[in-house]
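Before anything else, here is the set of structures, which you'll find just below.
Each of the two complexes below includes chain A, the first together with chain B, the second together with chain C.
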Partner chain A sequence: MKIPRLTTLASLAVLVVLALFPVIGIPLSWLNYLFTFFICLALANMWNLLAGYTGLICLCPHAFVGLAGYTLAIGSWVGVPFQAGLIAGAAVAALFALLISFPVFRMRGIYFAIGTLILPEALKAWFNYWRPVGNVYQGMGAGYSVTGVEGVTLGDTFWLGLAIAAASIFLVHIILRARLGLGLTAIRDNENTAASAGVNVFRLKLYSFLIAAFIMGIAGAAYYIYSPRINPVGGFNISWLLLPLMATVIGGEGLEEGPIIGAAIVTFLRFLLADYGAWSLFIQGIILLVVVVVMPQGIAGLLRQVGAYRFPLRLFQAVEGRIHENVK
Partner chain B sequence: MSETAVLSIDRLNKHFGGIVAVKDLSFEVQAGEILGLMGPNGAGKTTLLNMIAGTYSPSSGRVNFCGRDITGLPAHRLCHLGIARTYQIPQPFTSLSARQNILVATKYAGKKAAGMEHDKIFDLVNLSEQKDMLARDLATVSLKRLELARALASNPTLLLLDEVAAGSTDAELPRILGIIEEIRKMGKTVVLVEHVMKVMVEAVDRIIVIDKGEKIAEGTPGEVMKDEKVIAAYFG
Partner chain C sequence: MEDFLIELAPPLIRGILLGGLYVVIALGLSLVFGVMKLINVAHGDLVILGSYFAYAAMGWLGIDPFLSLVVGVPLFFAFGFFVQKFIINRTFRISLDAALIACFGISVVVQSLCQVIWTPFSRSLTTPYQLRSFAVGELTISVRYLLDFIGGLAVMIALREFLRRTYLGKAISAASQNEPVAERMGINPNRVYSFAFAIAMACAAVAGVLQGLTFYFSPVSGPPFLIISFGVIIIGGLGSMAGTFIGGMIFGLTQTLGAHLSGGSMMVQMLAPYLLVFVVLSVRPQGIFGR
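After this line comes the complex of A and B, so read on.
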């Protein structure tokens, strides 16, 4: 019998322990923190897939989150159950990504970034006026509550968040080891050379964009099941961009473990600094600045540089060797 | 157009705004031939390669490859059809190792590239000892060879080489000539842009000289070197 690599087992163990949290009486505030962490992690993972591995500085995650949230909310008013609304929200986000890909992929680098940044603003304005179902709200379109989620417990949303975060990690892991990952890295490093080497640059960028939009959408919709009220200012809020951006840059862009470390730090800071209002952003900005200057490859980059993973990996290898011997 | 032509260029033009980079250029390259492209700086050689490889589309005119009109096709399609190119200034995938650099080509260039043996390519271009190094850590000379390796890895019919010898020392030239000779033995058709005269004279079958985007001379290396227009273009 082949023994699974211990690193895989260890991450599975972490997953199982986390999944047990709601049933073993962990304080509810912890579940709240962790849920926020999961959503931030899923967004950061996808932002890393785009910026870190495909070279697309995508500044419109809040478009995907807002659209998915609104799809869920509006769907819930016409009798769509929230489970279907969750998937529909992600699908609408991906569809939106498909529609905008043709114009925005014509731009490169900073122009792509700016091109994507204006989209959520346009959507925000649109949803201020557009209200397809229900009564007009304060003279305009604007806010919705999500109905039909009264029976969903914090434990349920916790599991949903955990599943989405785990799926996002697994997805990136698979992509990076597949042909797609090699092509995306080639595009990030040099678009022209990638094309000369036979890479269909547009198609591969589109794949990565659609995957990211779908996962960001589903993460956004999950958030609006957890906090079932959406309005244009909240749904298309730029903090949906800043969270994954900060998490990725602080953790380590283009490194697989970067967003995990970064999302943990960003979530922790968010709660730690929650009472300080505007100062919170100021402090986070300072931290971002320090990280960018002191460790341009993020915390994960620094950890790799000093060889921090060597000891646990060796330990795993030693333990694995022992197990192999005993099995024989 | 003759039947054995791998590449056939017909009245090709390219202008950038008011600047004419390539003007009414026509020529053919036969199967297995090594054609040299010469010309002073800014003559339009690289622009021409860019149009054949799909980086630019021509303003007018036709490009035929193996009897097929490929004018304006995107670069990745041309790679799939069998055209590979190197860049004058090496353009590697900097975060990947040398081996992964050419893996991109073998994985994405289609079926014809599937059986390419990386070790043989690395041996040919003399990069075997550096194949696990990251491209960003390689010296310029090695990066030039990596360009060649990546182009060969897609197993092309037509190879466009943009100044592979530029920047090499005299001592390295025999090696480069040897590589070009090996490529000829593989039966590949080559268009070679080069400033290093020794390479031009020894490696190519035929030379086309362009100046200000126009063809001014064509013939064997010996003939071209004596051509008055060529001497005038180079020495004024």
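After this line comes the complex of A and C, so read on.
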């Protein structure tokens, strides 16, 4: 019999404990914090997949989030249940990614970054003057409320968020250990060399872009089930870019555990500074600058450098060894 | 047909004059882009900071926004010099992406600082001459648009003479044309970067005043200016002053003509420049006159 690795078992245990939280009567504010953390984590993981592993500095997560949220909201107005709206929102985000992939992948480096930055601004302008359904009190600048989610409890959205965050971690884990991940890191390191070594640059970039758009879209739609009101300024708000970018850079870009550490810090800061309004963003921006200047590898990079993982890993190995001996 | 052409004249004039504003904003961005190949994502927010500086000077001292530039330009110059020296030069050594993220951090800090100090409400630089207009033949020309054009022309000529005649200007041109060779000729790239960024900030201070006279502004109105000025650089090409000038005019015209031809639709006025930048970028990613 193959004994599962202890690290796998430990992560499964964390997942089960987290999933039990709503049942065992954890305070509601904790569920709120954790839900925000999950959404931030899913976004950060996908941003890390793009920026850290594919080398695409993508400045348009707010386009995916806003589109998915709007699909959910408008869908709920024409009678689509929110479960279907959630998937449809993510699908629309991925479809949008597919449509823009042909023009934006022609751009490289800094041009790609600016090219993607235009899209959410353009979408915001479009949704500011568009009213597909509803009367004068909805649509355009006022936005829509998501209907039909009155029966959804905080526990349900918590599980949804947990599932999305866990899926995003699992997905990145799998991708990195598959051919796709190898190709992506090759593209990140040197696009021309990767192409001449037989990597289909366009297709692999497209895959990672589509996956990221889908997960970011579903995370955004989940947020709008939790907080059922969307308007152009909120849906296409630059903070949807800021969250994953800061979480990834502070935690450690291109490292698997980076977004987890970063998302925890960013969410913590957000609630700690919630009463200070604009000062909160100011302090987050300063932290981002300090991290970029002082430790470009992020906190996870620093931890790896000082060998902070060595002791727990050795402990795990020792325990695993014991178990193997006993089983024999 | 004749009526159509006559009606077309005011937006045409307005677009060309408005282009001057975009030229000033784009020149600052272009200078940094030229030497470092880095788009300063915070440029739009720094322009808005310039507007707020003039607004504050008007509020405290009651002076004309153009007079406030006497203090504003040196202040912004020094600020830019130190930002480049202590933040961007350090991250630039790591990688271009790190520098881009640092610029993004500066954008967040500037935006939230404006929000803390001046609240999120829309402001404008209200002056007695701002809303005046005068007639030339059958056309009426607004003073604020004319000021944009004159400002654009003045900054462009000043910058061009600076780049051609002074040692520092020549060093900046050399570094933007071929950096390794420039370095071998004894030009210190980090110093050139710092001065380029400082001059870009001084341009942002001037652009801020012109922008504040022309439009309403709030702490979040920076990014559209970043995108438009990036478009101006792409269309106009790097290092070509005339190209930048034409690029600015094209964007001014896109906005005013787009609004006019669609019957004053705000959606078209907002969307047209974005679409233009995106289409140009996707057709020729390295710019029309790109090297």
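We take it that the second predicted complex is superposed on the first by the 323 of 328 C-alpha atoms of A that agree within 3 Å, B and C clash if a C-alpha of one lies under 4 Å from a C-alpha of the other, contacts with A are read in each partner's own complex, and residues count from 1 in each chain.
Following the convention adopted for this analysis, a residue touches a chain if its C-beta (ideal position, glycine included) is under 8 Å from a C-beta of that chain, and two chains touch if they have at least 3 such contacts.
This is a predicted model, so every value here is computed, not measured.
Novice: After lining up the shared chain so the two structures overlap, which partner does A:288 touch, if you call chain B first and chain C second: first, second, both or neither?
Specialist: second
Novice: Output check: A:23 vs chain B and chain C. Expected answer is one of first, second, both, neither. What do you get?
Specialist: In the superposed model, A:23 contacts neither chain B nor chain C.
Novice: Who wins on chain A residues touched, chain B or chain C?
Specialist: C
Novice: If we overlay the two complexes on their shared chain A, which of chain B and chain C does A:185 touch? Say first, second, both or neither.
Specialist: In the superposition, A:185 touches chain B alone.
Novice: Go through the superposed model and pick first if A:200 touches only chain B, second if only chain C, both, or neither.
Specialist: The first partner, chain B, only.
Novice: Counting only touches as set out at the top, which of chain B and chain C does A:306 meet: first, second, both, neither?
Specialist: Once the two structures are laid over each other on A, A:306 reaches no partner at all.
Novice: Looking at the overlay, what does A:274 touch: chain B (first), chain C (second), both, or neither?
Specialist: Neither chain B nor chain C is touched by A:274.
Novice: Considering only the touch criterion stated at the top, classify A:111 as touching first (chain B), second (chain C), both, or neither.
Specialist: In the superposition, A:111 touches chain C alone.
Novice: Using the superposition described at the top, list the residues of chain A that contact chain B and also contact chain C.
Specialist: Shared contact residues on chain A (touching chain B in one complex, chain C in the other): none at all.
Novice: Considering the complex alone, what residue numbers of chain A touch chain B?
Specialist: 179, 182-183, 185-186, 188-190, 192-201, 254
Novice: Residues of chain B touching chain A in their complex?
Specialist: By the definition above, chain B touches chain A via 53-55, 74-76, 79-80, 84-85, 87, 91-96, 100, 103-105, 107-110, 113, 150, 153-154.
Novice: In their complex, what parts of chain A are in touch with chain C?
Specialist: So the residues of chain A in touch with chain C come to 51, 57, 102-104, 106-111, 113-115, 117-119, 121-122, 125-126, 128-130, 238, 242, 245, 249, 277-282, 284-286, 288-289, 292-293, 296.
Novice: If we count contacts the way the header does, which residues on chain C are in touch with chain A in the complex?
Specialist: These residues of chain C touch chain A: 37-39, 41, 86-87, 90-91, 94-98, 100-102, 104-106, 108-109, 111-113, 115-116, 120, 223-224, 226-227, 230, 265-267, 270-271, 274-275, 277-278, 281-282, 285-286.
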